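Just so it is clear, A, B, C and D label the chains in written order, and each chain counts residues from 1 on its own.
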């Protein structure tokens, strides 16, 4: 384990698993992994994936680590009636509040990084992010 | 009293009290105190507190001093029907409109600074901010 | 070949070669590859590489594709007497004018992307970037 | 040790030592400490310290961790003839290249955070930052 949390080798393994899943469901994705300090560790833009999702994938990974919860849960908490309504205006606009970002935890449950996926529907993004998480667990 | 309103010693006392309360309710918080001029005076990120809340805690303190009201009240006033609807788009996006930011007043009722807390639910943030205010009063 | 120029597989091959060279000279690097459209395609932060170089590696790749020349040549052209003096103030501050960024060209000489490396001295960055280019040629 | 590197208690100890030194040389300082992930951990603005240095103190701490070297060394490397000339234009303008920022290392030599001091001459800033580092070592 790197002092920064997740290592590059681990991050690449997470991306490879996510990419495999994305190929299976035939949706080209952008996939980002940040480390414990919320710094970009690895990134992959699959061929012809949406260019506009390069930023969103990174934002989802950032958001999942910033609040140690999936962006799906963060989105639910950010609804007009929710406890975190308005949170996406914080952190210089880097917060993304729809599914596709998930924290990566070590065996003790400590958050050591996060994955962010963007390029399809939110259900597809979430599906591919979960495949990445499964490869890390 | 510093010309800037609250002193660093007073700000640290406010943070210490807020931190004590946060430890009691077992939620790791980011706690910021600004002075009368709305400049950051003291800040503490409790171990493993949400990284994304570093910005929000400062934003809450800033917002509470910017409008001399709690961010809880500011949030209520910012609802679509409220008198301040849209205010969170002002001030370069630094305004936060959910609970956890409270002005700090001296014995004469003058606002000399503000505290902002972020890291838990808004109820928890508000609870911890109130503990900080109580230590100042 | 992707419509975007370099493919993800090719970009990963470039990064793998650069990473191998970085390991050989024992300097932990951040390595970025952009495609023909100057969009981030792949990125790797080697364990404990400078965090501040995450941005610079991407800036070098961006700059090399933006002007279709190495950032080393761009730097020389940007000196006070040079034809491009002041160019680093353009493009929202994303232009980097020291060595470590090199365009990636296909067999016909068309620029299809670029690599950017940051984490060591400029000589080391350039050395590692050249190793990445060699793996693509 | 927190998963984030330096703990809040350690950061406060660093700030207390720096503040003691600042009082001794009679210069009011802004003092910031970031953790291993380069996130703000603790901050103190001494009474009547320059408001414009709030941002610079944080920038110095950020820069020292971003490149794992003192901002004094970073400044020397950033001179027109130096290997890192122009680096202060990277990282969204957050890089500061004059003395007062120093990495904080654990017993094994790993960088676990950084201190940034601003409010006096660069010699004074450096002096106070060194007092903070001494309290951590």
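Basically, contacts are C-beta pairs under 8 Å (C-beta built on N, C-alpha and C of every residue); 3 or more make two chains touch, one makes a residue touch a chain.
Just so we're clear, the structure is a prediction, and the values are computed from it rather than from any experiment.
S.K.: When the C-alpha atoms of subunit A and subunit D are each averaged to a single point, how far apart are the two points in Å?
M.R.: So the centre of subunit A lies 31 Å away from the centre of subunit D.
S.K.: Just the number, please: Cα centre separation of subunit B and subunit D in whole Å.
M.R.: Whole-Å distance between the two chain centres: 25.
S.K.: Need the CA-centroid distance for the pair subunit B / subunit C, whole Å please.
M.R.: The answer is 43 Å.
S.K.: Quick one: which residues in subunit C touch 2 or more of the other chains?
M.R.: 51
S.K.: Which word fits how the chains touch one another: line, ring, star, complete or other?
M.R.: Chain contacts: none of line, ring, star or complete; other.
S.K.: Output every touching chain pair, sorted by label.
M.R.: A-B, A-C, A-D, B-D, C-D
S.K.: Looking at the complex, which residues from subunit B come into contact with subunit D?
M.R.: Contacts found on subunit B: 2-4, 7-8, 12, 35, 37, 39-48, 51, 54.
S.K.: Along subunit D, where are the residues that touch subunit A in the complex?
M.R.: 3-5, 35-39, 110-112
S.K.: What does subunit D use to touch subunit C in their complex?
M.R.: Contact set of subunit D toward subunit C: 38, 63, 65-68, 83-87, 89-93, 95.
S.K.: Using the touch definition from the top, list the residues of subunit B that touch subunit A in their complex.
M.R.: Touching subunit A: residues 50-53, 55-56, 59, 75, 88, 93, 96-98, 121-123 of subunit B.
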